[in-house]
Amino acid sequence: MKNNPFKGIIAYPITPFDKDEQVDIVLYKKLLERLIVAGSHAVAPLGSTGVMPYLTDQEKEAITEATIDQVKGRVPVLVGVSNLTTERTVYHAKFAEKAGANAVMIIPMSYWKLTDDEIVQHYDAVAKQISIPIMAYNNPATGGVDMSPALLKRLLEIPNVTMIKESTGDVQRMHYLRRKLGEDAGFYNGSNPLALAAFAAGANGWCTAAPNLIPKLNLDLYNAIDKNDLQEAQKVFYKQLNLLKFIVNKGLPRAIKAGLELQGIEGGFLRSPLKPLTESEVAEFKLILAELE
Amino acid sequence: MKNNPFKGIIAYPITPFDKDEQVDIVLYKKLLERLIVAGSHAVAPLGSTGVMPYLTDQEKEAITEATIDQVKGRVPVLVGVSNLTTERTVYHAKFAEKAGANAVMIIPMSYWKLTDDEIVQHYDAVAKQISIPIMAYNNPATGGVDMSPALLKRLLEIPNVTMIKESTGDVQRMHYLRRKLGEDAGFYNGSNPLALAAFAAGANGWCTAAPNLIPKLNLDLYNAIDKNDLQEAQKVFYKQLNLLKFIVNKGLPRAIKAGLELQGIEGGFLRSPLKPLTESEVAEFKLILAELE
Amino acid sequence: MKNNPFKGIIAYPITPFDKDEQVDIVLYKKLLERLIVAGSHAVAPLGSTGVMPYLTDQEKEAITEATIDQVKGRVPVLVGVSNLTTERTVYHAKFAEKAGANAVMIIPMSYWKLTDDEIVQHYDAVAKQISIPIMAYNNPATGGVDMSPALLKRLLEIPNVTMIKESTGDVQRMHYLRRKLGEDAGFYNGSNPLALAAFAAGANGWCTAAPNLIPKLNLDLYNAIDKNDLQEAQKVFYKQLNLLKFIVNKGLPRAIKAGLELQGIEGGFLRSPLKPLTESEVAEFKLILAELE
Amino acid sequence: MKNNPFKGIIAYPITPFDKDEQVDIVLYKKLLERLIVAGSHAVAPLGSTGVMPYLTDQEKEAITEATIDQVKGRVPVLVGVSNLTTERTVYHAKFAEKAGANAVMIIPMSYWKLTDDEIVQHYDAVAKQISIPIMAYNNPATGGVDMSPALLKRLLEIPNVTMIKESTGDVQRMHYLRRKLGEDAGFYNGSNPLALAAFAAGANGWCTAAPNLIPKLNLDLYNAIDKNDLQEAQKVFYKQLNLLKFIVNKGLPRAIKAGLELQGIEGGFLRSPLKPLTESEVAEFKLILAELE
């Protein structure tokens, strides 16, 4: 197995803003600490949940440093460093390594649909400049490009690309990854409603924002799988499924903020154009959370 | 739980033809017998695998009678009776019941896309004329209409519609069925490559043509699930996945015929426009079968 | 140019039923006569509009003969002879030729998705048995298979396949047909809402059920194009667009029957599972027809 | 009609880079000048063709100022100011207005899929801060969100949102815009292969990068439409269609650069991850250009 520091529940913090829509580092650290003490196996700042694309370079650097500072080595840290240009991706990857990240996550963000060769060169350019492992992330819904299994295989030939995160929501894609990549690469699921199917298919971990709200249920699912108890896993999964679908459908940053507030925890403000859930959405969410108690 | 006679592996026989493209009942019975002695939990003649839509009314009746005659009550029999018109669907459903079928399967075949009301009235018209249970089958790829979860729920309000077979290949649809239908209705998977995911999601059974070729592997998967042994189920599933994908991609009647012949078993002829696999497809299939030994 | 007897407005009659859901030949002839006297350039019985797949072999023969008998050579006749099996397609094609049809239309109906080779052999088997021209019809929404431009080109190598009817609703497909097929083959549009775009792209004719309701507007569009008057064509097209979209969205047999009745013309009954438009749909249709007066 | 300064051919310049991947303003001005002297009715810097999302704020400002400076009022200027955050979009819109732009174009770029309300508030926030007109741009392929016709209608209620650019490639969407928006709003086509269909449907203009390579053919198409000569428009359109499809399929910045060089004109460098066309792509392009001579 290639170098691959992650397994289990990889928790994604939100990036909270103050009322002037500026990043609120103090609140960020509090929310991050909750994820760690809840038992998450790893944390992943500057993901989609952390609205990374809406942040300036300076803000991304501040979040990276705040994370390393707060985690203090208790769990591995996976930092999102994706950018439209190769030059900026290299810059942020180097910053993350220097700051102390255990690995970086890169989605080939694309405005112009990139060719396979352009994507390979993009990853390769970054990989050459850092020594920590890279998780290649496939999510056509946010990144705009769907990396084929064949392309993912090419990426894994780059020595420090050691992990794949798959969020297409296609179970057959996961089968392919497990079959073709074998034990040489870690395979992570990023689609919340497919958490059970992905673990059944052999995923090493689950990248999720849900631990902001229901860490115990998320960990229970992983533990049931780890104990080879499918019946328990099924039971625990169906218990949390409504919440998983809700937070995905409403957009993770908006939904997590609302869920935190429904649980009495400060969630901060959003950065425009993102706006809070509507009243009726909050009411619906309240019912879903009530079912879990 | 409503009346629901099926669980486990529901095996689909092909309908073989002679060299003049006429149905070969003698060969059909032989192939059916193989499915029964291999341990299939039920058999389902006149499905897609059995090229039902390509048969005349008389041929369908002959297959139905031959099945009941051969099975002799050893396993439950699920007969496909779908037809474009309501009148012909009623006719075949009544014939199947009288012949001794345990249940009928109905997909809302549609040339003109049917409205939800038209589909409900179609099932209702059939249900009123028979007393055996009905399995409603959702498969947009062959039937031309995708029944929403809400529609499936309406169908289950018809007393003898007691089972749903789902073949969209969408795991989330299966989650919905298991959640919303609860224990009131049987839920069956018809998508071969999703066999593991469907069982993990709680499917009661797997409707499949694969037992024509690899009955032991199919049963091993079900048994592992039944013993709550996910690790074994995963191992057995990945062993058979290539074959499952191949037979689906090539079309079940064509692929099963080719697979039987590769195993030294007579598979008969196809009815035009369906043609045998090409030589290179057969060669590919041979490699896939060889991997299993 | 290959032998190609059609241009302009090719009108599709419905197949009306009596209250016992039996084909009503007397009413059929009346409705067909309306299409002819209105000035349609050709008529096409046993199309999707004529619910051909819902008819028995005997009913199809009766409609074919009634059409030839009623038309009496005033306009060319294009008879639909598609069937799931090659044997039945050949049968109906031969019947149509013998009865006096000018051409037959064939869509590769498919339950099992046919390979390109299977489709070519299917058309070839029919073409060898008749001497009148064949229109190959591409409509994935009803036929279940989407014939690629490359496949259509292969079909046109069969000597009496001389025309393509395209109903995918994709303007770029039409561009391809016009470019690649050139003047060697007739290219017909079967997508009502794309009537203007298709004529602008160079279609030879428009296959449509709309002349059952608005023959003058349909002919006006063709005539404006024929006079190279795009501004007039645009004006006439936008006048009828709402009606075209409505009849497509509601399903042609159901919508045409309702529209005839709103115009005070007997439309007969439908065959189950098809049901009449709902009251609110009829009310909506009434408003659309009123706009046209 | 609302204030709407554009019609005809709206030409999109590329943003060329030097060998260090820095913006080359001198070359940019030369390429822009070519578009103006060729007779384009307007120019649109910082569009997708101009790789706007890959530029820094400073680079965008430099391009905006260089454009105004070079154009010197000869044709109207439409500046792209889209950004993921509302704050940055407002910033660039104000900058463009101050610099002398005639209008700004805004696509609701989205990483997180925006709700309709979020999109309306985003446009409204910008509209309130500027007095020049706004063209709302719908292009799910690059922007990540597909604005429904109903949403576009809501946007047009904002006083200075006066134009819609539509690039979904769906002719029926264009019909809707022309019908529902009537003469109150300008409607522009951004899909090159649909240029003829869009003009036939009544588009006011065509937003295109093609004038970098074939300005005369682009203008000839518009002029034929303007003279109500559909036959001439069809002829001219089919002449340029292969090129239009090629540049869209390969990505406009990469394809335009290659095309310029094939015509002996300096096209500059691309910014990574974008890479030049491969040799075989260039060879294919050469053949397409040769056909036009």
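In order of appearance the chains are A, B, C and D, and numbering begins at 1 in each one.
By our rule, a residue touches a chain if its C-beta (ideal position, glycine included) is under 8 Å from a C-beta of that chain, and two chains touch if they have at least 3 such contacts.
Every value quoted in this text rests on a predicted model; they were computed, and no experiment measured them.
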{"item": "For subunit C, the least number of touch steps when starting out from subunit B", "value": "1"}
{"item": "Identified repeat of the B-C interface (over half of residue pairs identical), from C-D, A-B or A-D", "value": "A-D"}
{"item": "Centre-to-centre distance between subunit D and subunit A (centres being mean Cα positions), rounded to whole Å", "value": "34"}
{"item": "Length of the line joining the C-alpha centres of subunit B and subunit D, rounded to whole Å", "value": "52"}
{"item": "Distance from subunit D to subunit C - Cα centre to Cα centre, in angstrom", "value": "39"}
{"item": "Subunit A residues counted as touching two or more neighbouring chains", "value": "none"}
{"item": "Which chain pairs touch, all of them", "value": "A-B, A-D, B-C, C-D"}
{"item": "Residues of subunit A that touch subunit D when the two form their complex", "value": "21, 48, 51, 53-54, 84-87, 108, 110-115, 117-119, 121-122, 125, 141-142, 144, 251-254, 271-275, 278"}
{"item": "Partner subunit B, residues of subunit A touching it in the complex", "value": "169, 171-172, 175, 178-179, 193-194, 196-197, 200-202, 225, 228-231, 233-234, 238, 241, 245"}
